[in-house]
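Once you scroll down, you'll see the structures, which are given as structure tokens.
Across the two complexes that follow, subunit A remains constant while its partner is subunit B and subsequently subunit C.
Up next, the complex of A and B:
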């Protein structure tokens, strides 16, 4: 079979990861529950002052989404590495980067997408105007795959290291800063009636750049981990 | 045809082996022996292209393997120590996904046949988590029968297998060699192959 681009490989690994996640639903649900709980704690702790809540809403929701994505990242390659699947993937005739993209896509479908869908609901607790709800969801839709791509670089670099989870957070969180700034910026701009197009375009640009360069870096790191 | 010329391996500060030479024509096999930690697994990982070469070269059909990665990998089957099985999936699903990820589409019948030949028909619908160590090993080795590859690189294929299963594996290797395949393996057990394999000893 000719699969030089690895599209088939990409779909197969995503399909397998989703199937595995469905067999262990509690693992898949943990980041989402975490997101819901963290986002709910803030209004409870801060009080019912609508203006304050409205101001902090984009930041709180974005940081919660960012941490929820982080939570499942160490697992991204760890299981495949430990049980030897990763070395078999590296020896497959399909490009390793295709498998990497497939795994990140599955990770996004399991965390990023549901977070983006849940966020507008949780935003209601913050008295966010309904016009910004859609923008919030859109920023997360575009932003969470970027988080996944950047996070996967960290996950591949810390693969097989003891206590890699903390190191991963230290490595990756600073790199999340631009995504966070433009993500929350878009929601703020929409709330102020300025239009969110500029921020959304920048997020989109980050996604495109990440999509082209991250798999290359991840593949290199994985090959080193497998040596 | 697989040819290894002056291969050397450095792990950390230690030179595990050097000047390893051998040449395998279709139908020939090689058994690598050596003590624990002598570099048998490292040699196999170099052969499949996971560990970079310290010195020497490895050639497949007279070309260095790093110049024909895709082509070489399509002919290669590596069974390492980790079993590469997913606990949550059944034996059938595991084999199906292994084949798909290796780039081959196999029918469900072919998967069941392979499991049958390994004596695992009763275990086919069970999650791999519920299988014994030896049974897992059998599922792992069932891919030898499932994927059609010409170069087998097997690291301790008989570990955890009972007498019957070991005989099946030896028969499978014999069959593979008869049909013009090449096999490289490490083992601590005697391996009663029909064709006398070449042997090589690594380490001091």
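Up next, the complex of A and C:
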């Protein structure tokens, strides 16, 4: 079969990952529960004054989303690496980057998308004005795939290394900073009535650049790990 | 035509580096003494900032070097990935600690300057934040390398990380232009006349060159240690004078 672009491979691996996740639903739900619990801790720790909560809401929800994505990252390649599937994927005729993109897409559908959908609900607890809710969801919609792409670089670099999880955080979190800044910036700008277009465009640009370059770095790191 | 690959062998590089280190160290010392003399005794007191401005003779050179070393490190990392040469990875690993120290010094001296001038130690300004991220990138690079026992894999994984992190460098450099920040814009540029007194500029450039030479000396010393550590099984190592003793 002619699949030089790897589109078929990309879709199949995404389907496979989704199916595997559905077999172990509680594993897939853990990052989301984590997201909800972390976001809930802040009002309890900081105080329940409506004005304070409104100011911190975009930042807290974004940081919680970022941590939830990061916590689910080690899972991305680990199981496939342990049972040898990854090696088979690297040896197959379809490009490895296609599999990588498929896996990241499945990962996003399982963590990023639900987080983006859940965030407006949590934002209501933070008394965020309803006009900002949509912007918040939109920033997460565009931002979480970037988090997945950058995070996958870290996940592939720390594959099979001792202390991989905490090292992954050290590698990936600094690279998450721009996404966090523009993501929360968009919500703040919308709340201030400035319009979120500029920040959203920058997030979109990051997504495009990340989508173009990240698979290259990830496949390079995976091949290093498989050597 | 120079055979570059000949010099990329640890065996040829080790003695050359050993001969070069005293020169770099001597030049660094001379330049640093001259730069500090210019900075402390010849440069006039600033009309607005008083004596406190003199920290730029340390702050600007270490900030430049913090970015420059990262680019050089990424360059060696890329060479290592492309040509699969052992020495390139060692160069990248040898540069990282110096880069991290310079980045830390840049933040530290900046804070010392910021307290009297801005009234605060730290602001979440674009340049300060991106410099802080640079420090984290250096630390992440070193942490990743030390977590991997297989040195060849450590070199390659570190190289990929270094190349990914290189996107941060233009962000730091242009942050004062892209965002309207508290940190002032560049006073020195290649394309236009510097907006500072010539004697101050001379002091700063002397210190920058000193920092550069220091980096060369110290990273070559570190490379020599890495070569000894990694090539300890090679026969030529045991022929060395310093090992035989």
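In the analysis below, the second predicted complex is superposed on the first by the 227 of 227 C-alpha atoms of A that agree within 3 Å, B and C clash if a C-alpha of one lies under 4 Å from a C-alpha of the other, contacts with A are read in each partner's own complex, and residues count from 1 in each chain.
Going forward, contacts are C-beta pairs under 8 Å (C-beta built on N, C-alpha and C of every residue); 3 or more make two chains touch, one makes a residue touch a chain.
What you see is a predicted model, and the numbers here were worked out from it, not measured in a lab.
Visitor: A:66 contacts which: subunit B (first), subunit C (second), both, neither?
Guide: The answer is neither, since A:66 touches no partner chain.
Visitor: Which partner does A:161 contact after superposing on A: first (subunit B), second (subunit C), both, neither?
Guide: After superposition on chain A, A:161 lies in contact with subunit C alone.
Visitor: Which partner does A:135 contact after superposing on A: first (subunit B), second (subunit C), both, neither?
Guide: In the superposition, A:135 contacts neither subunit B nor subunit C.
Visitor: With the two complexes superposed on chain A, say which partner A:227 touches: subunit B (first), subunit C (second), both, or neither.
Guide: both
Visitor: Return first, second, both or neither, reflecting whether A:16 touches subunit B, subunit C, both chains, or no partner chain.
Guide: First partner only.
Visitor: For subunit A, give the residues common to its interface with subunit B and its interface with subunit C.
Guide: Residues common to the subunit A contacts of subunit C and of subunit B are 227, listed in rising order.
Visitor: How about subunit B: which of its residues touch subunit A in the complex?
Guide: For subunit B paired with subunit A, touching residues are 48-52, 70, 73-74, 76, 78, 80-86, 88-89, 93, 97-98, 100-105.
Visitor: Contact residues on subunit C for subunit A in the complex?
Guide: Within the complex, subunit C contacts subunit A at residues 81, 129, 133, 136-137, 139-140, 143-144, 147-148, 153, 156-157, 160-161, 163-165, 171.
Visitor: Using the touch definition up top, name the residues of subunit A that touch subunit C in the complex.
Guide: Touch residues, subunit A against subunit C: 153, 157-158, 161-164, 167, 170-171, 173-175, 177-178, 217, 220-221, 224-225, 227.
Visitor: Enumerate the contact residues on subunit A facing subunit B in the complex.
Guide: That would be residues 1, 3, 8-9, 12-13, 16, 19-20, 23-24, 82-85, 87-94, 99, 226-227 of subunit A.
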